[in-house]
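The next block holds one structure in the form of structure tokens; read it before the comments.
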Amino acid sequence: MLKWIPLLPLIGFTINGFWYALIQCRPGAKKAGATIPGLIATLAIFGAFLISVKTFLELKGMPAEGRFVEQHLFNWIHVGDLDLKMALRVDSLSTLFTLVITGVGTLIHLYSIGYMSHDATPGKFFAYLNLFCFAMLMLVMGSSLPILFLGWEGVGLCSYLLIGYWYEDLEKAKAGKKAFIANRVGDLGFLLGMFMIYTHFGTLEFTKITELLARGDFIAAISPAAITATCLLLFVGCTGKSAQIPLYVWLPDAMAGPTPVSALIHAATMVTSGIYLVSRLNGLFSLSHTAMMTMAVIGGLTAFFAATIAIAQNDIKKVLAYSTVSQLGYMFLACGVGAYTAGVFHVITHAFFKALMFLGAGSVIHGMHEEQDILKMGGLRLKMPVTFVTFLVGWVAICGLPPFSGFFSKDEILWNAFASPHGSKLLWVVGAVTAAMTAFYMTRMFYLTFMGKPRFDESKMGGAHDSHAAHGHDDHAGHGHADHGHAPQGVHESPATMTIPLVVLAILSIVGGFIGIPHMSWLEEWLEPVIPAHDPATFTAGHTTEYLLMGVSTLIAILSIAYAWKTYTNLKEASARKARHAKLHETLEHKWYVDEAYESAVIQPIYEMSVKLWKNVDVAVIDRVVLGFGRVSEWTGQAARTAQTGSIQVYAVMILIGLALSLGYLVRGF
Amino acid sequence: MEWLNTHLLTALTFLPLAWAVAGMAIPGRFSKHWTLAGSLLLFAVSLKLYYGFDPHGAEFQFAESVEWIPGLGVNYLIGMDGISLWLILLTTFLMPIVVLSSYNGVEDREKEYYTLLMALQTGMIGAFVSLDSFLFYVFWEAMLIPMYFLIGIWGGKDRIYATMKFFIFTMVGSLLMLVAIFFLAYQHKMQFGSFSTALVELYKVRLDGSGFLSTQSLLFLAFALAFAIKVPLFPLHTWLPDAHVQAPTAGSVILAGVLLKMGGYGFIRFAFPLFPQAVVLYQPTFLVLGSVAIVYGAWVAMVQPDMKKLVAYSSVSHMGYVIIGLFSLNAIGSTGAVYQMLNHGISTPALFLMVGMLYERRHTKEIKEYGGITKVMPLFAVAFMIATLSSVALPGTNGFIGEFLILLGAWKANPGLTVLAATGVIFGAVYMLWMIQRVMFGPLTNEANKKLKDLSLREIVVLAPLMVAIFWMGVAPNFFFRKMETSITRLVDRTAKAGAVAVALKGER
Amino acid sequence: MNTENLVAPWVVQSFCAMIFFIGLSGVLVRRNILVILMCVELMLNAVNLSFVAYAHQLQDMGGQMAVFFIIVVAAAESAVGLGLLIAMFRTLKTVDTDEIRLLKE
Amino acid sequence: MDISPVGFYLFAGVAIACSLLVVFKKSPVSSAFSLILVFAAFAGIYANLAAHLVAALQVLVYAGAIMVLFIFVIMLLSADEPSFDMGRSHPLVKALVGFFCVALFVMFVWALKKSDHGQVLVGPYSVAAVAASGGNSKVVSQLMFTRYILPFELTSILLLAGIVGAIALAKRNLGKEGK
């Protein structure tokens, strides 16, 4: 039964794909509505969700240690001693992920039907969306590292296709390319990590690796440096895919894609694949302290760094993008300090409230007719009540106020950062400060979007062509035809297909936290076979400090919300304060000039280098050498020609010399 | 029909030539249909080869031997094993596609064009099946002549320069090989009393392989030079971009699809088994050259203004992978290398065909002339995307299997270099996606691009088999590995085992 | 006849060689075609003498027969040579090889 | 070699001197005359070597026919003015020619000296045997029409070609003048 989970989205992809390619692409084909392909896609992913729920229940019934379901499809590569089987394996960890992917995926597919109703080629969009789900499910359900890698690059491809979905806008195409190449850089690290594992462990199957990890003698044989190198290489792969410090630059630009894409790919699923990989191989990672320390430090640093940038962003999706990078930093901080379960818990809760907020943002943009700049919004709580309420839930959850899910998962991470054997006080401080900043910029965005007086002129809005589109996708209504020519109607609440997923996700954001309440967390006990729980003895602090820290983090959240609320009530005072330290604000707005730095440090030199290589090495050196042979023969020909003087005597003399030399040579022999 | 069973390979080799000669009688207009029928028939016959080949049977099957030049011990000895099976099938698989793709691409002198194509096929299949080094040399040179005319007559603007360069470059390289063949035959006479250039005989010849300049190493270098030019390996590759840019679509498809594989096949069939110790001695050099070729090819491809030249340099990069795969000297690397040759024989022709289609519509290969093609040619964009994914080695396509195995094999041989080679994975994505972005995506600014027609039915039929092959080879590689596995283990044993002696020698010196 | 005051064979042969080389140097150095032809005759005679000397030494008539034929050839050669010379002289008005550089393209 | 040394050395000296004259004399006529002397000296040596027929032929054909032809041509072309063209040729060419001729000569002499194994009587035609069977010319003519008949015929064809050639050269010119 397992194979149907990834297979259904694949079938959805093929149906939509071929339908689009064969029917839509024919010149003069009439424009198709979004409902048919949308329904096909949603049904496909919903089917997959039902089967994953069935698998989950099946796993629940099994005893703790035997808790996995396997299905062998066919053997993929059999060469020499490498024998890779295309097999799916779902255990307690991957079933959670499948549930999240298919569950949130279904909601997002449903949402997209409404969102993409005005799009010109919905078939292509839903085909790509389903292909993404297939790849993500293969990633999570693969039984060996190469299958995980198959899914890994598959999701990279789909994010490339979906980010650059509105390919007519060069910026969006560039963003897609940037995402794929940044992922590819990470995938290189992942590939080399896989080779290290293969050479040291002799196998790439997860089950065999975990068995070998358990055998102490085997591990002793491998040099610690090799293990650290393997973990770091795999972590490089994660930084590429889950947008951590060096390779996070593609995620904010990925907002160029349609919003459901950002919700599904860049919030809930793809970016969390790094965490899945780390927790899947937690046995390997926990062997090398340095690797975990680098992971924790990079995670913390990314969280803090992204939070600072988010504060100064004005585009609603960019704020959410940087907040995702920051939350991912948190997850890696958790894994770095050894609390993989906390990381997974945060993945789940983050999937709920971040998807919720992205979809909320999407419905705001949809309603505001492609307006994405929060400075031009305001007072939407009256116009879009459902979006407002659900967004409120998401905002509160991410700020980490009890009893919402964000509080539990973030607090678990902070507690582990503080107290776990691998953690350190400094990491807790960074986490806490980032939590404060998160609350601040989230409140800022929430307030500017929904509260206060509307700062836009409704009459100019709506109508056939939304000409003004700062960041928004200007061809939302494009493709050379006016699809909704109805009268200019102001800011409107999104249709039902968009609001239902919002409500469901809001509920999940509230309820989500209860699966991981500290000390009686169902999650820890559920993931026991895959991720061995920490025995509390090794913790450096007792329960009392744990509750104390909980109180402190809640207090921080409330204080920064209040502070943000106060600053943005009167905008004049807020802009005055901004002017005061304009320099800092300006650098934050320009994302610490990281993109420009990359451009000049990496991309430009490579470009110039390759031009030099081509012009100098290829054309100048090698070609000249090759043509040189031609010229050499020409020159010798020329030289020889001068010997033909035309006078017979000279020829006779040459014969004589030749005769003399050869006779001399022969006579020498006597 | 009975004759066909016993002499299948001879039939396969000379059927195209006979078919072309028979085609002389056909009026010019129908020669393309005639050639298409011929190439399809040939493909069917070659399938018989696939079913007849038993991987666990003798090393060289369907063998035939006829005395040719007794004096020199040269005989018409042909046969095939698992590796040449797939390369032959690749040739016969590509030929109908090539013929169909040049249906309205070629207007003047059609009859000669198709005759040359078939003659080229005879040359190629002959080279893949010949087991006598002299016979191999004859076919090796015979191949050049039709290609020379194909590029020289139907080529682009300064085709004479390109085809002359291509011809002389390859010819000069292989002269040394001829000298080496005769030296080997002579050694065979010294050691066994009679001249012989048959491969199996030459395997028995013992050569001093101790130093870097020992006889075995020098002979290896002679063979390696000829094959490295053909591959083309890094310093000797400058003929490829010129030949591709000036060649007609069919010419560059065949050139990229099959002729480049001749270099790799030469290494596998001749250089590796004949000079195992030299191979081990020169392994690091070729690994370095291969890695440099990958990165160099990718970087230079990035800045090419002309699409065909970009794809040509990408071939340099892909074949760099083949070299490091071969020289990793283990089963995984070698299988990866052979598989990468097949992949490259599918993805690059697809790219060339599509560039050719664009050329047929807009008569320019400059990237800056295009932009936003997806809007008017969506189906073309889908096909182009698939071919790019295969060329960029995305898992699920054939490219990934090849590159994964090669890098894994090379990692075992030399981890440091493999890291350099693996960066090729990134640069591969960079130049292909950058080209796609400039050609396919972005606003449709150029007026001329607005009236471009999407793929016609003929063009779909041309591209469909390649697209299917890309996914089939990506998802079910075992189907291909089954047939070539034993041949590769034989190759690796013959090279690694004897090579070990060289290593031992080097060790204790 | 005691043997020591007889002429050693190599002396005769080296004498022929000397005549031959004098003729050769004449051919190579002199500019006048007539003199060149004469020197060629000289070289031919040197060869004839060497033939006869060997014939005498080896007591075989083959040498003399060869001389006989060489003389015939020499006669034919000089006849044609002079004929050419006259024809050339008629057009080029010179017998000096320096002016006659038709071979030089 | 049982020939009288006195006669041989006398004739040899004359021959060498005259051949030097042929080469270094300014005027072609004097070269021609010294060449005749050389031929005469050669005839003497032939007679010394008991090759009477050849000696006779030498005098008849070489001195008589060929040299007469030469003198005739020199006079015809009035190319008699002394053109000491030795001077004009390039000193390097002269040096090269001189050096290589001497070098080769020395090589020949050295080779001949080394390979000279004294009296090696091989063939049946010793001087006495030839005299016994009727003299040199009888033996030569006998051989001419028995063993060497083929070269004899070939030379006759050669002569024919020579004659035709000479006529063709002369005729062509006449033809041109005649028009």
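Each chain gets a letter, A, B, C and D, in the order it is written, and its residues are counted from 1.
The criterion applied here is as follows: a residue touches a chain if its C-beta (ideal position, glycine included) is under 8 Å from a C-beta of that chain, and two chains touch if they have at least 3 such contacts.
Keep in mind the model is a prediction, meaning the values are calculated, not measured.
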item	value
Interface with the most contact pairs, given as the two chains involved	C-D
Chain closest to the assembly centre - both centres taken as Cα means	B
Mean-CA-position distance for chain D and chain A (Å)	104
Distance between chain centroids, defined by C-alpha means - chain B, chain C (Å)	66
Distance from the mean Cα position of chain D to that of chain C, given in whole angstrom	5
Whole-Å gap between the CA centroids of chain B and chain D	71
Sites on chain A at which at least two other chains make contact	649, 653, 656
Multi-partner residues of chain D (at least 2 other chains)	89, 93, 97, 101, 104
Footprint of chain B on chain A - complex, ascending	21, 24-25, 27, 74-82, 146, 149-150, 152-154, 157, 160, 164, 167-170, 173-174, 176-177, 180-181, 184-185, 187-188, 191-192, 195, 198-199, 606-607, 609-611, 613-614, 617-618, 622-623, 626, 629
Residues on chain A engaged by chain C in the complex (per definition of touch)	644-649, 652-653, 656
Residues on chain D engaged by chain A in the complex (per definition of touch)	89, 93, 96-97, 100-101, 103-104, 107, 110-111, 114
Of all residues in chain C, those that touch chain A in their complex	24, 27-29, 31, 97-98, 101-105
In the complex with chain D, residue positions of chain A that touch it	649-650, 653, 656-657, 659-660, 663-664, 667, 670
